[in-house]
Amino acid sequence: MRRAIVPAGVVGGRPAATTAALLVAYLLLLLVGLGRLAATPAEGSLHLASLLAVSLAGAACATLLALAVGVPAALWLARTPRVGRRVITTLLDLPTLLSPVAVGTAIVLSLRAPPGSWLEGGVGLLFAFPGVVAAQFTVVVALVVRTAEAAFAGVDPRLERLAELHGASRARILWRVTLPLARPGLLAAAVLAFARALGEFGATVTVAGTLPGRTETVATGLYIALESGQLAVAARLALVLVAAAMAVLLLLRWVVGRPT
Amino acid sequence: MRRAIVPAGVVGGRPAATTAALLVAYLLLLLVGLGRLAATPAEGSLHLASLLAVSLAGAACATLLALAVGVPAALWLARTPRVGRRVITTLLDLPTLLSPVAVGTAIVLSLRAPPGSWLEGGVGLLFAFPGVVAAQFTVVVALVVRTAEAAFAGVDPRLERLAELHGASRARILWRVTLPLARPGLLAAAVLAFARALGEFGATVTVAGTLPGRTETVATGLYIALESGQLAVAARLALVLVAAAMAVLLLLRWVVGRPT
Amino acid sequence: MIRTPAPSRVSPLLAATRLEVRLPGFHLGPVELAVAAGEYLVLVGPSGVGKTVLLEALLGWHPLAAGSVVLDGRPLAALRPGARGIAYVPQDLGLLPHLGVAENLRWGVTCRGARPDGPLLARLTEVLDLGPLVGRRSVRTLSRGEQQRVALGRALLTRPRLLLLDEPCAALDPHRRREFQRLLRGLHRESGLTAVHITHDREEAFLLGDRIGVLLDGRLRQLATPRTLYDRPADPAVAAFLAPENLWEGRVVGEVVGGGWRVRLVDFPLELVVEGSSPTGEGCLVGIRPEEVMLLHPNRPLRPQVAANVVAATVAELLLLDGRVEVTLVAAGAPLLHVRLPVCAADDLHLAPGSPVRASLKPRSLFLLAVDGVADGAAVAAADGAVEAAR
Amino acid sequence: MIRTPAPSRVSPLLAATRLEVRLPGFHLGPVELAVAAGEYLVLVGPSGVGKTVLLEALLGWHPLAAGSVVLDGRPLAALRPGARGIAYVPQDLGLLPHLGVAENLRWGVTCRGARPDGPLLARLTEVLDLGPLVGRRSVRTLSRGEQQRVALGRALLTRPRLLLLDEPCAALDPHRRREFQRLLRGLHRESGLTAVHITHDREEAFLLGDRIGVLLDGRLRQLATPRTLYDRPADPAVAAFLAPENLWEGRVVGEVVGGGWRVRLVDFPLELVVEGSSPTGEGCLVGIRPEEVMLLHPNRPLRPQVAANVVAATVAELLLLDGRVEVTLVAAGAPLLHVRLPVCAADDLHLAPGSPVRASLKPRSLFLLAVDGVADGAAVAAADGAVEAAR
């Protein structure tokens, strides 16, 4: 169908455009600052490969875990009438809005008594790679639930009911109707979660610290580099993160038109 | 008008509900861990008042600044046909997805050369309160633009055109039509920005450090407390952040029904 | 004395008994409904009356507050959805946007892991003119009319014993609408399709329905053949929905020798002779469809068949609509009668505002209604006789 | 020789000259349009044809690719929007959801800092039955019909010289729709309201329009009085939109003494006498509206006025619609004629499928169209005569 043709609005003339231009200029200036220093010779060694390996592995594990838990939970939320939903969604929204350091602190402190201490005894989260995954998972899972829930809510239950009427099994309905229709939203959830996990700093540093080659990510490595005055290294690492964020934005635009 | 009556869906039965329950249990466990330690006597002094003062002042300034810049920019974006819009929105979305440490690094590095160095020379951002505001503003402004843009896009330009046809001035149209109709979205933008600024850690700590009483916020203070082993203090500060996030969630629900 | 039901009576394919649906802010029923095999039943009512909910309650998609739905003698709940042999085309069609036209068409069959019936597919492709569409990669790029044909084809390819249709023509342009209505009618005629079709369009109901049910305020007020509905609306609400133009309060003042009643209107100094069943009580409503009023040349002698109920009046307003003329007549100083007649008839009468005219209201065209509310029994009785009427 | 325009010719209130709008994937025009003061002009066309864009282009809301709009002799662009005296009720009404009913009603006036005209407000409140609504805190809780009345009241309270209406009745239920149409008609009659009203409903166009413009494929194909449109569609596209049922290809084979043409149909062994203007070229389309076909008793003597064009045929299908009967007639083995007649007339003729019947196609009811495309001149010429026709 043809899109409705809408006339142009009246308000928001030159002052608004000027403000927008100033904002864009500011953001460009920040990028230019990074680029200028990244071009200078590095003061120390870069270890980019090991930082990237931990970052990518941690973000990938956290995203997969968040999808495994978050997508079924979102399906349940989207298909459940109001009973008790408000309390649950408020709880689920909390980690996205909460300061990441507070999230990390909550993880660290809950590992001191059962059942957390059993987990710490078995797997070992503090200052270890599983801690990176746990921290990023916790920050990211609510994002997955929210995005996926919106995607599932956009699927008309009548389509599932019609397939049932035609004799389809539940598994077939899930795989052939619900999931394909929710796919753009689910992909967006995965991409957003990965981007957020990749750049996560507060919770990761709180739980897993910065052990080179084990728990040091690009984001935490960047902080260390800046603190130790290795400005060119810091600029390069920051540019790596900018490139990753850019890639995610372009991917999102390709998947859903606009990021959520 | 009556809402459409939709039948219940078919998929997402017990497995989905179980997963959702597990997720809720995990999040509750984290809260319990915080609560348990917060109840134990504090090891050192708390300085909560000074931390809260810096946090609230910083978040409030950053939010106001972000609104002042972001709302006009959003109005321009919402009312501008596609020309160049893609590039600009990608740039504007960047700070939200980028790692906060990278944002902080970009600010720090761009202060080393003009025009940033003029600003640093005049106001002084590094390890100073204006740095807290600048860091939080940068992280938060894209969030304001995106939320406000969606709110403005929801206002039919025909309503503005009709008011113009009836002889209303631009100012009257802006204040009596556009802004009132976008109000729920604008309020949501303000609340979300404030919450994000309040919990911001990576960019703040990178730019402004943790000078007690000047740049140390609840979030950075929490990190310091945890690093120095003051677990009870950390738990209390984390609970303060949890309470703030909860308040924001309830406020959002009251303003727009569901947060964005 | 207890009588066993007569064995000749055919049990309906689908029957709803005292069906009630209660949802927040919404109440439907009780509704009695029976659909015979091979019947095309149309349910008509204003929008928001709960037509879709009723249809989906027949599918078991909404919990029933009371009553039951029986399919071919067995309670609906006892049958797996896939074993019911019901197909449904919802108002938004329920096509899968991520599949192509051919896959959507086969979807109803492939759902149960079967393959489409080749000859039937070929025939439907021809009848529904799907040939040019089958190659399309996405159903989203089809026009609304094309999507409608794909959705109908998908439903029919499952060889349903019963087809439910929710406003299948509402989203179409007026000129496409009639085309699609004729298509549905043809399918019903040729293949003996059993269907329940809901619409807010009275014309559509009359065009398609073997029987028509009138749904008002969440109740099925009348279920009858189009002709019965046209001649004898069951109660004032149905009359106000189907023929609101000429409805007058009156009182029965006597019986006419040879059948019929004399009715004196309350607001006009007029007495009319009305055929039909006796009203209960004295107060009544008298009505006539604007198409049924005959206008006569003021100075031509009256033929015997139009002698009764001749009213002298003046033309107050004359509207040329698309294909007919609507005339408002004034009698005794008050607007009284709305008349609808073909343009050529109006031309022949040389009608113009202010011109005098005589209107003849044939006793058999008038209908007589009791005003003291509708007994629940009316709808129930109508539904009881339903299956027999449909034979 | 250059002639000055005749001084008696009244200049139109609003005139669009060669107006064209080009948007991505959409093209409208060129359109010629002139609205006289006091005229009620209805533009009718299928959905998606660009009716809303045309209306909003008259408001100056869409950039024109070509042509101009002149209001009262001055170019539209030279007038501030607030100084034009135009009010517009868009299809979604444009009420402000955050304001109450009373504030919405006054909004049109308070926009320019004025206060509503007391007597006018009182009169509109009465005519539009706004009394019970004015106290309501939010327009969102009103029904669609109530919102419609508030939006109309808001527009009229600004005392517009010209009112533009976009599908004002489309969202209403069929029975409410007629009520609202009558309200608009009454307002036009009583207050001399000048209006441009767009709709996809042909009946609405005929009911309301002093003149009707037919918009097809982005062009204004005919602009004429309802009667002219009914009797003489300007070209095949207009005929196919307004009266698609009976359209046959034919060839003019001769002239009739005393006026008219003899036309032989291409697909049927039939020759018809047609009144009207001469066709250009031999090939033509002949058509008749289904309401204009007269059915005659097969064994009653022919009266002289129906002697020409009598066709013997058989009833193939008989449909009782809501208020009329649609009959399809077969002649010479092919479905030929669609006839629409009142139910009582069909009853009198004892029509049934298979029964023989004679159909009379009056020469003056038939219309004759050239088939070799429409010259652009047709629409232009129609628009040129527009203002005079409206007087």
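Order of writing sets the labels: A, B, C and D. Residues in every chain begin at 1.
Note that contacts are C-beta pairs under 8 Å (C-beta built on N, C-alpha and C of every residue); 3 or more make two chains touch, one makes a residue touch a chain.
Since the structure is predicted, the reported quantities are computational estimates derived from the model, not experimental observations.
Engineer: Check every other chain and keep only those touching both chain A and chain B; list them.
Structural biologist: C, D
Engineer: So what's the Cα centroid distance for chain A and chain C, whole Å?
Structural biologist: 55
Engineer: Can you pull out the residues of chain B that are in contact with at least two other chains?
Structural biologist: Those would be 7-8, 156, 158, 161, 163-164, 177.
Engineer: Two or more other chains touching the same residue: where does that happen in chain D?
Structural biologist: 61
Engineer: Is the chain-to-chain touch network here best called a line, a ring, a star, complete, or other?
Structural biologist: It is complete, because no pair of chains fails to touch.
Engineer: Any idea which chain A residues touch chain D in the complex?
Structural biologist: On the chain A side, the touching residues are 2, 5, 7-8.
Engineer: What does chain D use to touch chain B in their complex?
Structural biologist: Those residues of chain D that touch chain B are 59, 61, 80-84, 86-88, 90, 92, 94, 96-98, 107-109, 111-112, 144, 158.
Engineer: Spell out the part of chain C that touches chain B in their complex, as residue ranges.
Structural biologist: 23, 25-26, 48, 52-53, 56, 61-62
Engineer: State the interface residues of chain B toward chain A in the complex, per the touch definition above.
Structural biologist: Residues 6-13, 15-17, 19-20, 22-24, 27-34, 36-37, 69-70, 72-73, 75-81, 86, 88-95, 97-113, 115-116, 138, 141, 145, 152, 155-158, 160-161, 163-164, 170, 173-174, 177-178, 192, 195-196, 198-202, 205-206, 218-220, 222-223, 226, 231, 234-235, 237-238, 241-242, 245-246, 248-250, 253, 258-259 of chain B touch chain A in their complex.
Engineer: Once bound in the complex, which stretches of chain D touch chain C?
Structural biologist: Residue list for chain D touching chain C: 46-47, 173-175, 200-203, 205-207, 226-227, 230, 241-242, 244, 289-292, 294, 319-324, 340-344, 362, 365.
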